[in-house]
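The following pair of complexes shares a single chain, subunit A, combined with subunit B in the former and subunit C in the latter.
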Partner chain A sequence: MARQRPIRWHIAVFLAPAVLVYSAIMILPLFSTLNLSLFTRTADGTAFVGLDNFRTLFGDPRWSAAFWNALGNNLWFFAVHMLVQNPIGILLAALLSSPRLRFSAFYRTAIFIPTILSFVVVGFIWKLILSPLWGIAPGMLDMVGLKGLFAPWLGKEEYALTTLALISVWQFVGIPMMLIYAALLSIPDDIIEAAEMDGITGWSQFWRIKLPLILPAIGIISILTFVGNFNAFDLIYVSQGALAGPNFATDILGTFLYRTFFGFQLQLGDPHMGATIATAMFGIILVGVCIYLFGIQTRLRRYQF
Partner chain B sequence: MKKTTLGLALLAGTILGGTAWAQDVTLTIESWRNDDITIWQDTLIPAFESANPGIKLVFAPTAPADYNAVLNSKLDAGSAGDLITCRPFDASLELFNKGQLADLTSLSSMANFSDVAKSAWQTDDGAATFCVPMASVIHGFLYNADAFAELGLTPPATEEEFFAVLDKIKQDGTYVPMAMGTQDQWEAATMGYQNIGPNYWKGEEGRKALIAGTQKLTDEPWVAPFVQLAKWKDYLGDGFEAQTYPDSQNLFTLGRAAIYPTGSWEIGVFNPQVSFKMGAFPPPVPKAGDECYISDHTDIALGMNAKTAHPEETRKFLEWVGSAEFATLYANALPGFFSLNSTAVEMQDPLAKEFVSWREKCQPTIRSTYQILSRGTPNLENETWNASANVIRGTETPEDAARRLQEGLASWYEPQKAK
Partner chain C sequence: MSQTRQSPARTLAAHAVLILWVLIALFPVFVTVVNSFKSKKAIFTAPLALPGPDTFDLVGYRTVAQQGDFLAYFQNSLVVTCLSLFLVLLFGAMAAFALSEYRFRGNTLMGLYLALGIMIPIRLGTVAILQMMVATGLVNTLTALVLVYTAQGLPLAVFILSEFMRSVSDDLKNAGRIDGLSEYRIFFRLVLPLVRPAMATVAVFTMIPIWNDLWFPLILAPSESAKTITLGSQVFLGQFVSNWNAVLAALSLAILPVLVLYLIFSRQLIRGITAGAVK
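What follows is the complex of A and B.
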């Protein structure tokens, strides 16, 4: 008689803590949010309304205008990060990994420090720097004779969102820099040497040898930026308030959700519409991540050293 | 019973760091006014305790921004204090409807308050009152009296004089004519629209007509304040679009701006900060001889937790809060927060006296968006913030702003629906 394989209890035991904790603090709240969006408040408690809240969010002219405005702003916020933060991050990493650079540890630390600052500090510092009354920005522009270029950027509809996106870039440029830097350091020296033997040096070496090798890291950074930007809230809330002024020009999905869920000033919070927006955000992020996973990640070529 | 009393007393003892007698009843006051803690501990509570032995009070404030949320969860959990500081209108009305605030209509000191004073803490039909009104704030303009003397200006009484004064200050160039920014938006609505508006919509008359649906926000009296605000743009400081509320306060207290549209609550804050003489004038009327209206906004009241263990003592304290004695103590401790009590209160602060003197010559009203009209979505008050800021920045015309507000209101408020 063949020996029966014993049930391997230890697998379940080892998995249990993570599964339980993760379910309790991540999965359950996620599903209860989805569930919340299917109900509405009535005179006596709550009532199940199916997808009615989604119909309001996308069908009602006011709700949908606010939603699309927030989504559009969010896309622009993301675009600025992708076009400014990540290229600068890659550039800085390339410079830092150059063996001829002196004080590279100092630069690395200095550029990374804003990342560990709180949003509140960053928002407040930049608000002061850019203040038309007490800020140093008007004075510094004046010193180089460019006073005419100064505008109260955070108060102008056309500039406010871009200004905030650039502040956020300033804060977080250290993260892509570090990830790319690590990826660049992991490229074995023999590959670089082989390239040099073949006469590929300088920029051409970066474009043809290093960049293809760090593409997976760039992919990861893009997806982190995407998720981070679509969940963003703090910086806008700290510097522009929950109404995301001027005239909702800086309203992103996070602030829109906050205003709806918790209410603001005389407006009482509506957890059900709030959960509806949260679900829509979840869907957007899910779709974005899926596009990345199945459309890009699987096609990236990986190299084994 | 004895045990809970002892427990409460011990708790109070730890909080106060003093001793409490076991037989005393201790009442806890929930409030968002953490700025007032010394006033309560040094002035108000001792005054009541010495006259009423056996009742002790603890003032336990929460941060203003968290107050509504914290209070709601405490009330739901049954751990809230005996006395609840009431926000005006719907926030408190909801608590009353949920049975968490007690009905205080039968309190004898309620007779000391006018109907307008009580309206913020009543059911819509006025049948039940659930909080004792404490104070209101009055809107107006503060000005730098030294700067006015220097430039030979007198406080304006009419719209025309107002802009003449602003023009003169602007021509002189020493001072920023008016300190206001649009970054925080609420200044534009509260210190702008709600400040000057009552003169145009004729105070209570217009406010009630709007609630009844006989006037619309697109009617002339409601557009006129926006037309005025649109003219303010030229008199504000450079970069006012990014100027915040604290920026405006500093601009005025540092003596760099001549006029500051505001409310009486700033008096207590500004008095110790300014090195010049301050004056105040009420919102200018459209034409000389017009009846004047002021926003005398009911802001703060005190109610009773319906589940309190000591209803009798709590009611006793509330009777005292409704008395003339409390009104005098409170109004003098907090200049700029005016008692709503019908008996005239003797105040010391000259600026506070100036504000309150307008009650005699002008008709008082409350902020137009606070009662009933901000119950739906889109919320009229929040929309007004946005619209006022847009109008001042010049990105939306007064007519467009008014039309947008009206459409928003008509989308959910029955009496305003298509007629």
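What follows is the complex of A and C.
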């Protein structure tokens, strides 16, 4: 229609509040944080130093050791989620979606409960359960004759990070379960019927028919896990403190950012180095999201039903 | 139904695995709540037993009631969560309506801009957010938290709601226009009531992370008067770390309200996740 329209003010009115709050509180601070990382504090204010902060972060042994440690730990944290949380989530979803399963609503509701609890509660509960003082974990291992396996897992450098990752898996397994469950439910009945006509049933039906169809959902879960893990902070802070003990064995980028920004013990907080770490995290998350959007999502074949 | 062969053994195995995971999921919560009602001695001698007449003890809850200012923290959390939720739903629905209803230049671009926040966590801007709050004097106020959480919740709300608003029938809106309703009335009177189920879904999704967040209360509002329940219980647990009764009671008190809300709204939540994933 070539009708001359007056300016439609209502569009602006509808958009304005959301765009203003979002831009002012989210986008603007994000960019000014990126900008802050290019400056440093001097005796009389701040000075532009270009990429010097990044050179310090990646190169100066006082900083780089901590940074690479946190990044390595974060990668391991992510790997545990991908290798444990998502397969368990897929398994539970596959079981839940079997037809005429009784109590499936109950199972769904119960398995999702840990996900709604706060990190404070989750971190503390597991700290208590795994505590050698209370003896629930050693007592239960004793019941199955494995008492010798018990160790104060959260206090040992070699186990602490994996233990925390598994606690996080315990908490969040409900999310992949739900998303995969929904994807499985949306597979049309005639495809399953056709598979059964061809004699493909049970697990081979799952591997050969259903799994290829839910790959896009698995892709979404992977990127959600990635963003969530590289942004994690609360669980480690609650159970191990800002120092991410023992001896920084559980330090991830979130706790490293917090310590740098606010300072700890004798070291003063440094907003510029904090912003530098936040920028590095931004870069890592951006790379991950781009790999997903352009490398994975476009190659996944989507089926139209 | 398509399923013809579902052997009893297979069904049994499925139930066994699911029950096992339900036990794993609920056991820690169960142990905490059960032991919060027991005396200190019973907590240690028989941690897995239910509280009996001679082991029942509310000493933990008494300590929490005397020491912690939990009622005030709870109120802070409630105010922050409700206000943020209201703003996210109102602003989010308005923006979603503009994006899904009108064709204007930059529509797609605006949609992408608002969706950016789904993938990029708001926490990365914390350094500058704190500076901004200090500059405007909003540090240690609930307003700071409400603003941050509103911004945090908007991207997903706009995304989900605009998907749903596209499905509202055009005939209805055009009928409203012919009757002389303004665009604002069409939105508030016709469209909003129709997307109420989607609003409930967005509400649950927005609410849980706000209620449970520790990062922003810790950084933006750590003062006693502005503490939320999550931060308050974290500090309390740190102080009373050796008083097991108090710790278990505080944890149980932190779990219960969320659990009750979840059981009431779990259908909305599950329906929301299901609908979102199908898209």
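One rule holds for everything that comes next: the second predicted complex is superposed on the first by the 283 of 305 C-alpha atoms of A that agree within 3 Å, B and C clash if a C-alpha of one lies under 4 Å from a C-alpha of the other, contacts with A are read in each partner's own complex, and residues count from 1 in each chain.
The working rule: a contact is a pair of C-beta atoms (placed from the backbone, for glycine too) under 8 Å apart; a residue touches a chain by one contact, two chains touch by 3 or more.
For clarity, every value in this text was computed on a predicted model and none was experimentally measured.
In the superposed model, A:Gly219 makes contact with neither subunit B nor subunit C.
The partner of subunit A that touches more of its residues, comparing subunit B with subunit C, is C.
In the superposed model, A:Ile285 makes contact with subunit C only, not with subunit B. Of the two partner chains placed by superposition, only subunit B is touched by A:Gly155; subunit C is not. By the touch criterion defined above, A:Arg62 reaches subunit B but does not reach subunit C.
Once the two complexes are overlaid on the shared chain, A:Gln265 sits against subunit B while remaining clear of subunit C. Legend: residue contacts after superposition of the two complexes on their common chain; A:Val238 is shown touching subunit C, with no touch to subunit B.
In the superposition on chain A, the residues of subunit A contacted by subunit B and by subunit C overlap at 134, 262. Those residues of subunit B lying in contact with subunit A across their complex are 69, 89-91, 94, 181-186, 237-244, 247, 250-251, 369-370, 374, 377-379, 381-382, 385-386, 389-390, 393, 395-396, 408, 411. Interface residues of subunit A facing subunit B in the complex, by the touch rule stated above, are 62, 127, 130-134, 138, 150-157, 240-241, 243, 245-248, 262, 264-268, 270. Those residues of subunit C that touch subunit A in the complex are listed here as 1-6, 10-11, 14-15, 17-19, 21-22, 24-26, 28-29, 31-32, 43-44, 47-48, 87, 90-92, 94-95, 97-99, 102, 104, 110, 114, 116-117, 119-129, 131-132, 147-148, 150-152, 154-155, 158, 182-184, 187, 208, 211-215, 219, 230, 233-234, 237, 244, 247-248, 251, 254-255, 258-259, 262-263, 266, 269-270, 273-278. On the subunit A side of its complex with subunit C, the touching residues are 8, 10-11, 13-15, 17-19, 21-22, 24-30, 32-33, 36, 88, 91-92, 95-96, 98-101, 103, 107-114, 116-122, 124-126, 128-129, 134-136, 139, 170, 173-174, 178-179, 181-183, 185-186, 189, 192-193, 196, 201-202, 217, 220, 223, 227, 231, 233-234, 237-238, 254, 257, 261-262, 271, 274-275, 278-279, 281-282, 285-286, 289.
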